[in-house]
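Following: one structure in structure tokens, then a few remarks.
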Amino acid sequence: MQRYSRDQMAARVARDIPEGAYVNLGIGLPTMVANHLPKDREILLHSENGLLAMGPAPDPGADDPDLINAGKQPVTLLPGGAYFHHADSFAMMRGGHLDFCVLGAFQVSTQGDLANWHTGAPDAIPAVGGAMDLAIGAKQVFVMMEHLTKQGQSKIVPRCTYPLTVVRCVNRIFTDLAVIDVTSTGLAVVEMADGLSFEELMRLTGVPLRRASAH
Amino acid sequence: MINKIISSAREAVADIQDGATVMIGGFGTAGTPLALIDALIEQRARDLTVVNNNAGNADTGLAALLKTKRVRKIICSFPRQPDSWVFDALYRAGEIELELVPQGNLAERIRAAGAGIGAFFTPTGYATLLAEGKETREINGRQYVLEHPIHADYALIKADRGDRWGNLVYRKTARNFGPIMASAAKCAIAEVREIVELGILDPEAIVTPGIFVQRVVRIPVLTLAEPQAA
Amino acid sequence: MQRYSRDQMAARVARDIPEGAYVNLGIGLPTMVANHLPKDREILLHSENGLLAMGPAPDPGADDPDLINAGKQPVTLLPGGAYFHHADSFAMMRGGHLDFCVLGAFQVSTQGDLANWHTGAPDAIPAVGGAMDLAIGAKQVFVMMEHLTKQGQSKIVPRCTYPLTVVRCVNRIFTDLAVIDVTSTGLAVVEMADGLSFEELMRLTGVPLRRASAH
Amino acid sequence: MINKIISSAREAVADIQDGATVMIGGFGTAGTPLALIDALIEQRARDLTVVNNNAGNADTGLAALLKTKRVRKIICSFPRQPDSWVFDALYRAGEIELELVPQGNLAERIRAAGAGIGAFFTPTGYATLLAEGKETREINGRQYVLEHPIHADYALIKADRGDRWGNLVYRKTARNFGPIMASAAKCAIAEVREIVELGILDPEAIVTPGIFVQRVVRIPVLTLAEPQAA
């Protein structure tokens, strides 16, 4: 079996983002999607700290400490971009104005519940940031994650055991093994890694899956 | 390439359906999207709900729209004015429904729609006729009324300059309801004096980022030196 | 008796507005206060349609239809002024950032209840505008009105019979007969028109009054 | 003449009392009012409640303030970071109280304080640990949590330019919490890179009108060519 690499996952997510979309890419793995957005599509990236039409990282030495993204990395602004304050920025998110957000996750349930902010470990210091706002506000929520934990357990679960971020919000899951839609009739497998059988994917995932109809 | 620029006001409002809720920007002479209102009058949609601060002045603009009797209901703060005779007659004849909202609650309810707020407690209107039947609550010793967002299908607004991504800047007090109405509507349509290239508007000074705007129409300002076409 | 003229009333209100105050002057009589603000004080006028540091009316012919006040009259902006949208403007008001508002009134009750938006007449078409927002938000609410109706009835009443604007909000009442404070222990007369006796003022007003202590 | 300009950061924060709630602007490197924080550290106030998006990084700024153990409680959205060791140690030792708030609710609660809203229903946090014990309500088929405003005694913020009336403009993403924190505090103190004459800031582009700002302090930006005084 040929697992999807992180770059392949990012490219696969990017393929699903159409021309003209307003998109927020979460911290970590989702950030890589920016590098794979097709050059022939105008896609506008939102960063919740207060900018729209975020550009790539600046040239070395051209960092501006006043121009960073939500991950606190230096970025640039494209012509046509805009700055705004935090209440306006989160109004964009909460108000349903973003077309897509792409988020990492600890767990996604078969109903599309998302757990991605807190392991719930008793000694963990919690931090939530904008995770809940993003997942509740975007029209489409994409999750990008490894299919299995380091211990080999499925991160797609009947019910999240980690503290929830948002209930019933995830639309599509992109893992290193498959692309899976969350539908009202359960999880539907859209694509699988080369050499992976549907039965093996079912076994690894441990929750009911079906093949998506042709799309 | 994203291009939100539409070539005419008529085309910009063409898909407004019967029964739609339409926000219309403007306060007095400032910020009223006259070309879009005129295009809406030419269009056939009826049974409309209109949200505006007022209820029309004299016989043009919103008043002319009301005169067509295609507005079922108006949500506004200040309908009665010396020259609001069109509305006055319709209202007295029971031909239009009025929801009267204190101006600040009107603005905040529109903002709440754009910001995804489900409802909010406001002190304005408490213990008045305009809060009758509404839920109230004491919070930290002060009395509040619960108000709900006003969402719209369309917002017709006027800005000064815009670009193909829908970024807008306004001029002076013509800003008024434009930014919040754009955020509260599924489809915000802006008439602008000038369309500029992407990147011309200062990112520090863009008042309405394009994410809130779906259509931009250039409506040249007519001057004495530039006679109106027949 | 020498009633205060409208200009005298406006000048008297202006005297009570200190350097540095943020002030909203309601439509009608209160607008006249602007003409009497002492030139040696910087007082910033707010207009709820979206400007701060409003200046005087423009020179004849210099009207700008995009620069008007809440009364829809052409105005100017002073250097240092700013424009903002309606939600921000009413946030300033509701949020308690204005030091004073000066409003006209139909009636003020002995507890400081204000009625100034609606006569309640069955055939009247109501209109409220920003009256409620102003009276609820400003730190100090000044009312400017004729003391008596055209029928000679006091506009200062035990209880408003017109629909209320805001309960218990008025701090000081400026009429053509007197300046009266609304205090927790009732109405206190600060000043009276020349030649008017306290007893006559009491008789005309028809509600309990007391003389304010020296101030 | 209105003059909100204060000559030093020390003087600007001098009257902050024990027990005060202090909002501190900034997100990452952008918009953190370092000079004001340093002045607050030098000052004696204790038992503070601090509102910030984070809970300090490394050993400077907010982290240095926390280290003095004069902060009783912090209200923030993202305390845990790779370099939040000062906070982490205090928290694990039970020496600081944490109120964790989703970032958008934090922003909206601050805005609500400035806007005179008594409480609001937000969808964010519903059915999560962060809404435990909070009132919920279904509105139009969607679930919401009731959240209350966060008011402050002081806001310490950083802007780019300001004038003697307190008008402010920011620089790029350094804008973040500045405007809303200024509106939510009884006394908003802004450190600015440059003070300009009244009328220099474009009235169309002023982000924080002076009505929200009580004190402005100029803090020159140090460059390599301009060595720091001892």
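Think of it as A, B, C and D in the order they're written, each chain with its own count starting at 1.
Criterion: a contact is a pair of C-beta atoms (placed from the backbone, for glycine too) under 8 Å apart; a residue touches a chain by one contact, two chains touch by 3 or more.
If you're wondering where the values come from, they're calculated on a predicted model, not measured in any experiment.
Chemist: Show which chains lie in contact with chain A and also with chain B.
Modeler: D
Chemist: Name whichever of B-C and C-D has more C-beta pairs touching across its two chains.
Modeler: Pair with the higher count of C-beta contacts: B-C.
Chemist: Mind checking the centre-to-centre distance between chain C and chain D? Centres are C-alpha means, answer in whole Å.
Modeler: Averaging C-alpha atoms per chain gives centres 35 Å apart.
Chemist: Can you compute the centre-to-centre distance for chain B and chain C, using the mean CA position of each chain? Integer Å is fine.
Modeler: Each chain's C-alpha centroid was found; their separation is 29 Å.
Chemist: From the mean C-alpha coordinate of chain A to that of chain C, what's the distance rounded to whole Å?
Modeler: Once rounded, the distance between the two centres reads 55 Å.
Chemist: Measure off the straight-line distance from the CA centroid of chain B to the CA centroid of chain D, and report it in whole Å.
Modeler: Centres of chain B and chain D (C-alpha means) sit 34 Å apart.
Chemist: At least two partner chains per residue is the criterion; list those residues in chain B.
Modeler: Expected reply: 108, 111, 115-117, 122-123, 170-172, 204, 207.
Chemist: Could you check chain A for residues that touch two or more other chains and list them?
Modeler: 51, 77, 83-84, 87, 90-91, 93-94, 137
Chemist: Looking at the whole structure, which two-chain pairs count as touching?
Modeler: Here the touching pairs of chains are A-B, A-D, B-C, B-D, C-D.
Chemist: Hey, which residues of chain D end up touching chain B in the complex?
Modeler: 108, 112, 115-123, 137, 139-140, 142, 144, 148, 169-172, 202, 204-205, 207
Chemist: Would you mind writing out the residues of chain C in touch with chain D in their complex?
Modeler: Interface residues on chain C, with respect to chain D: 19-20, 22, 42, 44, 46, 51-53, 77, 79-84, 87, 90-98, 137.
Chemist: Residues of chain A touching chain D in their complex?
Modeler: So the residues of chain A touching chain D come out as 47-51, 64-68, 72, 77, 83-87, 89-91, 93-94, 118, 123-133, 136-137, 163-167.
Chemist: Which residues of chain B touch chain C in their complex?
Modeler: Residues 27-31, 77-81, 84, 87-88, 91-92, 100-108, 110-111, 122-130, 170-180, 207 of chain B touch chain C in their complex.
Chemist: For the complex, give me every residue of chain B touching chain A.
Modeler: 1-2, 111, 113-117, 163, 165, 167, 183, 198-199, 201, 203-204, 206, 209-212
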